[in-house]
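Some structures are shown below for you to check.
Presented sequentially are two complexes of chain A, the first with chain B as partner and the second with chain C.
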Partner chain A sequence: MNRLVVGAHYGLKDWLAQRVTGVVMAVYTLIVLAAAMGGATASREAWQAFMANGFIRFISFLFIVSLCYHAWVGIRDIWMDYLNSAALRVILHVLTLLALVGYAGWAVQIIWRL
Partner chain B sequence: MTNANRTVQFKIYRYDPDQDAKPYMQDISVEIESTDRKLLDAMVKLKAKDDSIAFRRSCREGVCGSDAMNINGKNGLACLTAMDSFPEGKPIVLRPLPGLPVIRDLIVDMTQFFKQYNSIKPYLINNDPPPERERLQSPEDREELNGLYECILCACCSTSCPSFWWNPDKFVGPAGLLAAYRFIADTRDQATSERLDDLEDPYRLFRCHTIMNCVDVCPKGLNPTKAIGKIKEMMVRRAV
Partner chain C sequence: MPEMTKQRPKYLALHEIRLPLAGFASILHRVSGAGLFLMLPLLIWLLQLSLGSTQQSAELFAAVTGNWLVKLILLGLLWAFLHHFCMGIRILLIDVHVGVEKQQARASAMAVMVISLALTLVFGLKLLGAY
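Showing the complex of A and B:
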């Protein structure tokens, strides 16, 4: 069956999410930069104290989740733009999702262990 | 260079599928007069010199949109491109609009482009019985259609859009989306929600990554990116 099909009726949520997660990452970057300039990264102990702070843990988690969601939409767009085979797209979508979820868990585990 | 005749060099994409194994670039020059102000004037001279060169043109004043082509690497209308806008001493490079199948020389097959345009239902949908004279709008509501209805469907924008190059069968493209918003924005249209439903799609609308090539090339100075943004904004307003 080679009929062309469009009309999946999604896209708005991902488009909006990509914008929102972009803002979250930008704000987090500014906070970490400001903290670094304030001496929070001067020594290992200072780093550790900084990352152990409850608020920083909270926003670090948000940053990682945002990064992964943002990357999911972006990478999926690349597959959709450049790959014609639907089978190949499905495989790569799934692999991308699995990799990002795995990385998110791993990153959170590292950050929260500090 | 206002009074004297001068010779202009051209490099033109030539391809006649009946004769040529593959496309090639032809070097050709033509003498133009001071009254040949636009590129199209020079091309008409060129056609008189070598009548095998094929290109579309009709109104010669930026209304019909027939003579859209790739001029020195940028899409535009030959009839609106001034001859004195070209750097002197360099050949003017003319190619067909990118991304569409070439029928011959500078003539492309626009079927895919018009298919996308037709897919957005480019006509007013209103099931109320037509009034005796016309469906009225307030001046403010009418204002919203400015910058949308002027599109002449020359395809300069859609054929400069990489998303349209990769997915011309699925992505509506800037011209089609500008026209879609023209009807979504129209207070006399009753199919707004259906139109938004139709565009809520990862390919049809959301292939636009806002690189704004369309805005850069539009010979009528329109802004498809802005129209696309407004469609997305309406979708957000509808959803939250």
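Showing the complex of A and C:
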């Protein structure tokens, strides 16, 4: 097979990952929304106590990882669709990846030190 | 043979393309995702300030979220999140062959636009402190 340098994996993996990470984030959103309606965002203290809960911290971690993977697939698709230069595409792929890995580390240490 | 006399190559004039409703909702899925990605540092920073234990972080959080420009950005991100969320559900439904027919797909695209805008109004008024 004569492959072009596009960065795609020619497979089911990213398609499925985009669905799974999307569902994880959607469920997390509904949980946080329900908690907010139950008073978790009523005050700064209540919000911090909510986010420090062991289970919430666990699913917050899953949310962060899902978000970064989901954003990687989505943003990479944008570069693939609109950039014709392979060199520019590789540079932006790398920058996107580095930014997302950094964001993940930053966000995880915010929730994990609570 | 009119097909043979068509102008080639064909270039896309983006400003002349009129997308069908489902296409419009679809490109907004991409635009909203890109916007959320670009503003991710702001959102993580706000999360950090909201969970900071010092008085300084509490004051900074209040100052930043009280800024009208930040409020405007957050309002935009709220719509982006809600549109992306609703459109995501539509995509998952189409994946399992729900609403694939043209009429249903049009209707669901319209539903995504209307519901995400309505929810933006509901949560946006909360964000702006109206209730």
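Note that in this section the second predicted complex is superposed on the first by the 103 of 114 C-alpha atoms of A that agree within 3 Å, B and C clash if a C-alpha of one lies under 4 Å from a C-alpha of the other, contacts with A are read in each partner's own complex, and residues count from 1 in each chain.
Criterion: contacts are C-beta pairs under 8 Å (C-beta built on N, C-alpha and C of every residue); 3 or more make two chains touch, one makes a residue touch a chain.
These numbers come from a predicted model, not from an experiment.
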Chain B versus chain C as contact partner of A:12, first or second or both or neither: first
Which of chain B and chain C A:61 touches, first, second, both or neither: neither
Touching partner for A:80 - first (chain B), second (chain C), both, neither: first
Those residues of chain A which chain B touches in one complex and chain C touches in the other: none
Chain B partner contacts - residues on chain A that touch it in the complex: 4, 6-16, 77, 80-82
Chain C to chain A touching residues, read off their complex: 30, 33-34, 36-37, 40-41, 44, 47-48, 50-51, 53, 58, 85, 88-89, 92, 95
Partner chain A, residues of chain B touching it in the complex: 163, 166-167, 169-170, 197-198, 200-207, 209, 232, 235-236, 239
Partner chain C, residues of chain A touching it in the complex: 19, 22-23, 26, 29, 44, 47-48, 51, 71, 74-75, 78, 103, 106-107, 110-111, 114
